[in-house]
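Below you'll find the structures, each written out as structure tokens.
Look for chain A in each of the two complexes below; its partner is chain B in the first and chain C in the second.
Coming up: the complex of A and B.
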């Protein structure tokens, strides 16, 4: 029986107020799908316009640069997507990236012969630890996620300066085998691009095909109902922070590979905004419960393309940030519109 | 029946008791649920029905007593355990995941997975969901997001969820509260179907006609205690109503009714589609009019509309003969109308703030000069209210949350009295307040009326209504079901109007 029928006058009780589940937000599938398509169109449009205007945009070297930037973004945004799906947020990822880059970078100075998988594992391990602190604060300390991770954002960035003493990791300190990760390899793709893709696909599989992944959606969609169903929300939220931290830690190592330099002030600073932007633009609701990795991939693609397009068009970095901010606002506005449309027609609750 | 011997007797509770820090909400509950029966639990608001269900479903833990299934004592430490024991609780408002599909809602936490890797088999899950839905005759697409469904459909999803756990005991807390008559009929069909398969159903409901339409047995609760259990064929509606309210009319402080003055508040034909319809009532100066009815009858909604919180579609509101339509509570307050919300934690007081700041909140503009607050004046006014209302607080700088519920309520009253209202709407003024504070609040309400204030009091507490009201207007299902004068008033008469046991259909 459809809602319209339920509201038919005469046969209906006047008091038959449709009482939605707390925060019932039906997905307007049309608009949701339109958004995915819209992202693809937007990416194509940005690319096309820039290609016409700036000859250096559509060159092999530049496309590779875009891919490298996007893979860093995608890697971290995959973890962020999981966190946001549970109605939480991880603001500390930029600082985790910076701290991992600095700590591992300085380590490489003394141990230049470490194997790449080992270096990556070190980065992941450090990120795991930092993520565990975030997760513990949110899950068991019951600190609101924004506050907890805003705090660790600052603390971790402080540690970056303390550990580095203000010194940066210089190109001569980054061993050759690590730099190779950001150079074209098998399939003509740099290994770090492949890694990001593999991680994103793995994240997609977890979110779509495992009970744990589905629980992330459930917790974000209706935390009370999740508790009633016996889902262990605390543990699962903790897990999302572990994943987000570990991926940001790996991203720190890849940052060193990509730029051959890790500056304590700039490495990862403000990166959390791009990561959250990619996630939200991709359709993952900031209120949790809705979205996923395919959208995040598109979000990262769009954001990476825009950033590069602005850069090759000679637009200043300050404008770049303003444009990024505007794109985030647009994405959140679209989300709000979808929600409002869904709520309309559903009875008001007193 | 002694506990300890295994049999197929179903579910039973012995001496089940629960309090939340105050007097017990459920006390010594003895209850038997037999396989295949529909067992209705009825009682006034606050009789402890919902808490009782939650104890069985593992949402709350009993302070004392035992639950047994088939004669074997069980510990139900959380909802998951309850489910594994075959107990499913269906709330009045479905607790589902609006963003997720129907199929996922049914299987969340229990997804069918493929081996060897524990990956969810989506197709199988949808097929199983479709099967379950079909078995209860629900035509719902398993792939649809639950947020798109009507409440009735969401309830069907909850029932399908219960079935997916092979529930033997399905507890339904006011499942029909937001359903249309046709949907109710369908739900009953499903319930009959379930019981035919041996599932036992507990059915908590206020509407007696529905109870008598579906229940095999009826247990009546009053003030957390079981009054008794009857075979539905052996008890009449009137008898049920009498047993529901039949408490002693203890020391009810009956006040001497004042001579009512001119009409202060007049509501005519107030309508907000789907919420309330054609509500008319009037309150005179010096008069206390109670607005009675069951939870969900639309009383609070009317008050909110009058006070300018929620919009309404049709109807007129007159304040001392002047037609008014407030667009915000601020406007209403300025014109001498005050509304004390029911939920003081969330709507009334700002609990972490000091008492003085809470009280001055409504008149900050009067207390300020050029944007600067006169803090001494603020304190004086707050102290005056605290004295007048006999708030038990060490000082007006104390945080509101450190006061007891009764004293918080008094602060809330003070907050509105400083606006010098001429019409006061009180929503459940003594809910969750202890006996002593309750008496003081009653005295205070009486005093305010005696001073010429017009008081409209929403209350589910029948003794309170009888003690204070000069007239009572009873609402049912969003309409005024009737009005009783002082001489016609009795708990039974009010309840009869409220539950629709007066022979009139509820439509």
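Coming up: the complex of A and C.
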């Protein structure tokens, strides 16, 4: 009886709405490709102009510096993309990075011989714990994501100060084997860069090809429908926070490897904004359900390239913040305009 | 009769009463830490430290009731301070500079609202961009230095009092604005519209309410208040830098949300915001007296923010929990998890 009803309802739906829905889906796909192309062009343009203007841009050492900077951003932005796809947000990632860097950094002072995978696992474990607190608050505590992670942003940063007692992790405290992670290794790339790439590709596969990944899109796209369809929204949102936390925790360790110094006041402070910027510039909608990892990779690349370009072309460092802000606005505005034009086009055709 | 009145009071103003209790508790806590706390001069002087947050929180209450958020307020504050300082350095009279920077702040706020409306974007994204942009422009204009040399009549506003009383000027200014915002939100058509749009923007649009214009106006107002706060802070520090009030937007949002304004819009009061401002201010000041570092104070504020949302929500959920007797035939209430303001 019930099944029959569902069948007829489905048929009615098929008759009523196929063309516009198909059209919008096609637009989403086409647009994603179009805007990815746009980002590639933008990155290439920035790189080309800078390479012509300043000879030290296109050197191996500088390219490696860009890759190292981007890999931290990309790692954390991969987790953030999943959170944002479910129509949530994780503002605490910068503080998680800082707390992980400080806690693990101080641990290394006493145990300098720990193996690198073990150190990374410790960072991931700490991040997992902090992410679990975020996820529990949002999924089961019913605290809105903005509020919950705004709160934990402050709390985790406070814990950084309490744990460090205002002391920083100094270069002599960071053991050699960890520093190697940020030096060129296999394939000529620093292991850290490879890790970020592997994580991003894994995130892409999860989001695109697994049931859980598709559920993330479904929940962000239409929470009520996803719930009626039987998706365990709470669990999946919790999972995205676990992933985001764990990756930020790993990034904290890699931060120590990259800079050999972890300062409680500056490590990861404001990083959440760059991470969200990379995600949003990459075309992931802050309203959830739309976007993905390929865009985030390009978003991180664009931000990293611009930051480096400003630095090497001798433009005052003071410009970086304003340019970043303008890039965020331009990216979301262009996206919105193209989207509206495209949807209007479908309306005319249908 | 009295009992009924009391019950009504508790039912309608439960959250505000909770805040009053919190305020009393934080004052008792501070008083227990230092014998100097419960003196009239201390109590009044302490307020000057958080009046800028208060000014911005008044307008932010409207923004959040509208279902939006403005992350750029602290950046507008800083840019106003920088531009004001540069105008002063160029010898422009403050009689011209003050209205000019207030107009600038309003325009910056209007740009936020206008961009969100024009591109149909959540204000969260737009103000994330302008937060970096506005502060960045201040950084370009002033570089890594401070600007000072303001005339004597302008600086140290926190050391000026209503003659013959211990009431400092920033508190007076805040109180005046609080009254204005109270009437604006609770006694005017515009205020009712803010609630209406926050509850259901689509329905308002179909009812012929100029939703977009309202949103742009409210963001303009938020900019104006950030500008006012910028002037106050510049006067208090007698100097301005591009990185002044860095991260202060979080304190402003915390204040509004702790004051009982729903981050999803449609619910909130000016009284709640004012009470929350004093709860946070008293707590911070008390902890300062007890030599708690500012960063550690933030932990307490952060926990308070989360608890302020979590506890009433958990209480409501517990009250509305499905009872055994009612389970037959009825479905469990739909769970609402996740979601965010945007």
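Simple rule for what comes next: the second predicted complex is superposed on the first by the 299 of 350 C-alpha atoms of A that agree within 3 Å, B and C clash if a C-alpha of one lies under 4 Å from a C-alpha of the other, contacts with A are read in each partner's own complex, and residues count from 1 in each chain.
In the analysis below, contacts are C-beta pairs under 8 Å (C-beta built on N, C-alpha and C of every residue); 3 or more make two chains touch, one makes a residue touch a chain.
What you see is a predicted model; the values in this text were computed from it and never measured.
Engineer: Does the superposition put A:87 against chain B (first), chain C (second), both, or neither?
Structural biologist: second
Engineer: After the superposition on A, what does A:146 contact: first (chain B), second (chain C), both or neither?
Structural biologist: second
Engineer: Once the structures are superposed on A, label A:276 by its partner contacts, choosing first (chain B), second (chain C), both or neither.
Structural biologist: second
Engineer: Applying the document's definition of touch, where does A:172 land relative to chain B and chain C: first, second, both, or neither?
Structural biologist: neither
Engineer: Which holds for A:113: it touches chain B only (first), chain C only (second), both, or neither?
Structural biologist: neither
Engineer: Once the shared chain is lined up, is A:209 touching chain B (first), chain C (second), both, or neither of them?
Structural biologist: first
Engineer: Taking the superposition as given, does A:234 touch the first partner, chain B, the second, chain C, both, or neither?
Structural biologist: second
Engineer: What is the contact status of A:324 with respect to chain B (first) and chain C (second): first, second, both, or neither?
Structural biologist: Once the two structures are laid over each other on A, A:324 reaches chain C alone.
Engineer: Hey, what residues of chain A end up touching chain B and chain C alike?
Structural biologist: 227
Engineer: Which of the residues in chain B end up touching chain A in this complex?
Structural biologist: On the chain B side, the touching residues are 59, 78-80, 83, 92-100, 104, 108-109, 111, 113, 118-120, 139, 145-154, 177-183, 186, 273-277, 296-298, 300-301, 304, 310, 477-479, 506-507.
Engineer: Could you list, by residue number, the parts of chain C that touch chain A in their complex?
Structural biologist: Listed in rising order, the residues of chain C that touch chain A are 69, 115, 119-122, 124-126, 128-137, 139-140, 143-144, 242, 250, 253-254, 257, 263-264, 293, 295-299, 301-303, 305-306, 309-310, 313-314, 317, 334-342.
Engineer: Can you list the chain A residues touching chain C in their complex?
Structural biologist: 86-89, 137-148, 150-155, 157-162, 219, 223, 227, 233-234, 237, 273, 276-277, 280, 286-287, 316, 318-326, 328-329, 332-333, 336-337, 340
Engineer: Can you name the residues of chain A that touch chain B in the complex?
Structural biologist: On the chain A side, the touching residues are 1-3, 6-7, 11-27, 29, 205, 208-211, 214-215, 217-218, 220-222, 224-231, 285, 289-290, 342, 347-348, 350.
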